[in-house]
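Here's a structure for you.
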Amino acid sequence: MSKYFRRKLFIYVLTFFLAVTIDWLIPRFMPGNPIQVLIARANLKAESAKVVYSYYMRAFGLDVPIWNQYANFWNALFHGDFGTSLWLFPQPVIKIILRAVPYDILLLLPAILLSWFAGNKFGAFAARSKWLDNTVSPLGYVLTATPYMWLGMLLAWTFGIVLRVLPFSGAYSYALMPTLSWIFIWSLLEHWILPFVSLFMVMFGGWAIGMRNMIIYELEADYSHYLETLGAPRRLIRRYAFRNALLPQITGLALQLGVIVAGALVTEIVFSYPGIGYLILQAIQNHDYFLLQGCFLFVIIGVLLANLAIDVTYVLVDPRTRTGMQGER
Amino acid sequence: MWSRTRLVLCMLLAVSVILGLTGGLVLGQAFPRNETLYTGGKQWGPVSNWNPFMAGNQAMGTIGLCYETLFLYDPLTDQFIPWLAESGKWLSSTVYELKVRQGVKWSDGQPLTAADVKFTFDLGKTAALNITSLWDWLDNIVQVGDYYLEFHFKQALYQEWANNLYNIAIVPQHIWASRNATTVSTGANENPIGSGPYLFFAVDQVKMVWVRNDNWWAKTALGKSVAPKYIVDLVNTSNENSLGLVLQGQEDLNNNYLPGISTLLLGGYALHTYFPGAPYHLAANTAWLDINLQKKPMGDVNFRKALAYAINVADIVSRDYGNMVQAANATGLLPTWDKYVDQAVINSLGTSYDPVKAKQTLTAAGYKDVNGDGFVEAPDGSKIALKIIVPNGWSDWMAAIQIISSNAQAVGINVQPNYPDFNGYLDARLNGTFDLAIDNQQQISNTPWSYYHFIFYDKLADIPSTQGGNYGRYNNPTAFALVSQLDKVPTSDLAGMKAVISQIQTIQLTDLPIIPLWYNGMWAQMSTAYWTGWPSSADGDAHYLPVTWNGYWNMTSILMLCNLTAK
Amino acid sequence: MSLQVDDLTLYYQTLHGDVKALEGATFSVADGEIMGLAGESGCGKSTLANGLILLKPPMRFVHGSVRLDDEELPVWDTDRMDAFRFRRISIVPQYAMNALNPTRKIGKMTVELLRSRKVDVRSTLPELERRLDLVGLSHEVLGMYPIELSGGMKQRMVMVLSTLLDPSLLMADEITSALDVSTQKAVARMLVEFRDRRFVKSLMVITHDLSILNQIADSILIMYAGRLAEKGSTDRIINAPRHPYTRLLIASLPKVGVRHRQTRLTGIPGSPPFLLHPPVGCRFRERCPAALPECGEEPPFVEIEKGHYVACWRESGTDAEA
Amino acid sequence: MTQQKKRREFAYFALRNNKLRIGVAIVFLFMVLALVGPWLTHYKPREFVAPGAQHPSSQFWMGTTSLGEDVFTQFVYGLRATFIVGLLGGGLGTLIGILIGFVAGYRGGMVDELLNMFTNIVLVIPSLVVLLIIAAYLEVRGFLFESLFIGFFAWPWAARAIRAQTFSLRSREFVDLARLSGMKPLRTIVTEIAPNMMSYLLLVFILQFGGAILTAATLDFIGLGPTNAVSLGLMMNNAVIWGALILGMWWWFIPPGLAITAIVGALYVTNVGLDEVFNPKLREM
């Protein structure tokens, strides 16, 4: 078990190291000079621009040798310094990101957890009989096949524009400042519904289908068969099958995180929900690679932590990992 | 079962947290709609700074609402309106006298004096600022008393100076003096102290809120006061979003180019634009075609002429922009500069859409289709395949270059549209690796000099770092000389300006270093749902610029706010 | 008579038609009898076992009747069978190694199983522990997960579990095949012990390994290609087999006690027929060294001496002594 | 049962499996449309053929965009792009997955450890974000690029699954036999293991196919798709840029998404159908 964890941890550390390196590397070997972009946006007088240009090069530490820049990058990282944003100059990247994070948590955590539970229950339900399977699971297939943004667009269009019952842009009303007040919380909730639903539904479909397939395999497993020969009621057998089918679904959750991040990203774009996903898009469109790096790092860290959490849960629920055996499926 | 208990636990936790939070909740309240002006169109991301020296991405209204300039400039009447300055005039060819208005106070109560003005200009010497270059030709500033200044120049560049007079915002010495060069040039300058009609109120990711400064100097000095108590400037999260806000009357003034809105201006919605009909908007800048003269065959003037004849600007205007823009005249000078246009030159040298002429010009110059692929080859027989670029995602420009390409192909020039990302586009132009590109980097101003200074920028070697313009690398000392000569003509000497400009235009239209296409509009969708008294072309209405972009408040947009009335 | 099977016929449905896996099986198992059921793989022994306890598609009930303790066993009705399973008839399956839910503590699973069968747990647990002692499993196993047990331990656990409610009939399906000789012996002895202690009234030990049967079985039933070939006391089958197939089977055995695994008995030339379209008449005909013209017809399964049945024309037809 | 008999049996069940029938039918339908579509229209996808924002009509079956491009034309060309990216990206993803999965599963030991670690790393990195970053810094992009990217990041789970399968097969007699008879590992994999996993590999490919389509759509939607082309994702992207939702131009953004959903959904259903065909156990629920 401790071996199991040591191994996992090692992989995570390695991953983090690589991720950070990639993260640092990519922008630097891509065409285009960020400072030029900054100047371009500053519409300065030509005569002054020259001075400012060299000034910025120094300010962003782009005038030192490349290896030096790499070292500085790590060093800064451990001081929680993600650099300065170009797009929102001179705001520090970390500050911008921290402003966005709460909205991601607000949106993603419930969406992921609820869809996972609901989806699994639903899948198990669908696998109950051939009839149910043929009538109910198709819904699952359609949902998981739906592009996040498209579902988002549909929802925004139907409820926001045609029916005009729900707001479909921003995290709260433009007429409000964030305060701890009922009206604000209500507004927050109102704006949260549509993005949440579109995320929830697509994921829900995925989990439902996954569970449906898993449980069918489990019902064919030897232990199910043995219980049958001992005349155990369907109910008991299903319960065991469900529980065992949940395990791969937990790992599935870990594997899905990357995709989920992507989904969140486009959903936030559709509903201009001010989370990290939205930031990433802006960073890309404004070639703010310091911000982009920051966001990416944040996502990485988030995903890694989530993975770790999931591993722990897995160990808690799957005896095989606890008895020194690898729980990987 | 483990999962259910876990879920329940999560729920309980969440609920308890929320309850705990909302324990001492008050009933919050929104901005009163009838006292609030919602604007949008300047801010493409969360507000990052209030630094009047960071022209690029400072918060909407940093200059104009918060910090103010010595003069306002009204492009429509070509008048300078004394603002923080009471008056200013040239005492001699190299000495400019400035009287600072008395009784102006900073929002912290301190008086604004000549010292602040001198201090502001002097900052250009120590820090890397936009005004730094001013000191190449400004010698020194002499302050006499609290409200009188003399600017002594090594060499007076009248046009440029006039431009500075309404663009340089004055900052309070008692606050900025203690700041180091870095903070001055790149500090965020949170909670700014200015002299203007608005004070910083609040900011979050999607908006920034200004609140009225009720003891603004202009109340007593000019009897003017701004109507909205709050100005909420919304970040443009997406075209889509802005469009929605405008149509639902949530945004009172929007300064985005909103694709597809042209149809809506006519029908139904409580929308108001400066002109009742096409082009709906005033012209803000000229979109022209950059041509890389270093590359064959663009180096050949006949080829450029042929291209100019081939392009059907009218089609772009009607189809792409739904007539929300006007075709540019041959010189590319904005309508506000009409008086500088030498019609005679245009009549003799000007080009306009004429595919037949385009073909003739090509044939005459020896361009013919040798290999029969439908596209002409250069006289030396080499194939011609050109790319025209605009940044990916700039939807209206992308559509425009599709039209231009098909126009060119129609006369046998092989041009293909191409959409690199913005910095790819920027790179290509700065390093002169592009073939053809659309460009519009000169905003409306007090003098055509700024426009010519850009397209005839003379320090070709410095282009990558200075981004001074002339991306086609047009090299003609005579032209360059004329431009700097224009700079030295006093703004009062209209005849003198015209004389120089006419020579420049002759060169421009003979050599055709760029091809002017259309005038981008001062996109301004105004909603009459909550506010009235918007600027418009109609007589009796106020003829101000209804724009919140940087550098426009001080071009009379600020006066618009004094003219509004809540419904 | 603990178990009485009459003319039981079971087919497997495939798209190429019915596979006649078991035809006309008629035999009985007496109280306290340990009956060995032997034959090459695919001869229908497992089909028989599964047919008796869990008959579900693609297996199909054709006809026949099964009586357990003089009570009709509704093998064709899965639901009604539930009443009998575990309580009256039980099985130690071939896959005993994986028969336990990997993610449940064994004790917990047992309890849940018993509860689901409306068995009073409190009164049963002491018995369970007693039997664990008997098979040499410490009580800790109840607190363990299957993964923590060795193969042999798991199998013993399953044996205890399957017999916990003292069924009249226990079927042990190839339980020794996966084990090494010593464990085999132990398991075999355990089966006998179970019978002696009346945990089970009678036993049906299914295997292709005659040596084991020789040790523990009272009687042996030889099957060939879906039909019964011969049944008699162990002594008679091993020492005086009458059916040609049995003879060859015994002959091909290495000396008794030496275990051998391979499933096709190399001693007998040829291979058993496909049961999709079995040949008419005696199914052993092609391989039979002593085939007669009569063999074209189905030989009856007749008692040629007390408790000794054979399905061969040579025996029933000609033999006068009977 | 003999191989050939087995194949007959698969065919039999395949023909009788409704999931399979429906799924394949839908995919096939769209494929046909993608192939013949361009001949059904006499416009080019990026050509301005009409006044903007036309409702669907007999002339413009799916209406026109704000710029007056024919939506139907873009739709059919977009379908093509979708299938191309799906096949290339999905194919590549499967290929890499197979390679790594086989080697890891067959070789085991250190090689497995390393490959497995590598897989886990790529698995944990949110691929799309990396994709975004890379894509964001490429000036001009084409379908090939896009497919490559997608392929290079889609393989991990496939590799995992195949590795597991190979493990189980590795211990079977016929593989042992091959190994004993001194057959080279690669040949063993190709001649002995692969054939026995064909069905499984097919399933993996189908899932990869669907996944690639969705990823591509996402990339395009964010505006990081091919710069000089049409695709279903780009159509949605443009629809949003030109405010189709607000302007109620449903005919612009509904068809592309619907098509993607239908195709990918159909692929998933097909996948499950095939699974049932290949695994007799699953045939009877």
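Labels for the chains are A, B, C and D, by order of writing; each one numbers its residues from 1.
Please note the rule applied: a residue touches a chain if its C-beta (ideal position, glycine included) is under 8 Å from a C-beta of that chain, and two chains touch if they have at least 3 such contacts.
Bear in mind the structure is a predicted one, so any value in this text is a computation, not a measurement.
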Chain pair with the higher count of C-beta pairs in contact (A-B, A-C): A-B
Distance-maximising chain from chain C - centres being C-alpha averages: B
Middle chain, criterion being Cα centroid separation: A
Computed distance of Cα centres, chain C from chain B, in Å: 92
Between chain C and chain D, centroid-to-centroid distance (C-alpha), Å: 50
Whole-Å gap between the CA centroids of chain A and chain C: 56
Separation of chain A from chain B, taking each centre as the mean of its C-alpha atoms, in whole Å: 38
Contacts with two or more other chains, residues of chain D listed in rising order: 136-139, 223, 240, 245-246
Touching two or more other chains - residues of chain A: 31-32, 161, 243, 269, 285, 287, 317
Complex contacts: residues of chain B adjacent to chain A: 1-3, 7, 10, 21-22, 24-31, 33, 36, 38, 44-46, 48-49, 54-57, 128-133, 136, 182, 185-188, 202, 204-207, 209, 232, 234, 237-238, 241, 244-245, 250, 393, 421-424, 426-427, 430, 441, 443, 453, 457, 459, 462, 464-469
Contacting residues of chain B [partner chain D, same complex]: 238-240, 243-244, 247, 258-261, 263-264, 319-320, 322, 392-393, 395, 399, 402-403, 417-421, 424
Contact set on chain D toward chain A in their complex: 18, 117, 120-121, 123-130, 132-134, 136-139, 157, 164, 210, 214-215, 217-218, 221-224, 233, 236, 239-240, 245-246, 248, 250, 253-254, 256-258, 260-269, 272, 275, 281-282, 285
Touching residues (chain side chain A, partner chain D) in the complex: 11-12, 14-15, 18-19, 22-23, 26-27, 30-32, 127, 129-130, 133-134, 138, 141-142, 144-151, 153-154, 156-157, 161-162, 209, 213, 216-217, 220, 254-255, 257-259, 261-262, 265-266, 269-270, 280-281, 284-285, 287, 289, 292, 295-296, 299-300, 303-304, 307, 329
Complex contact set, residues of chain C against chain A: 53-54, 81-87, 90-91, 93, 95, 98-104, 112-113, 116-117, 145, 147-148, 158, 161-162
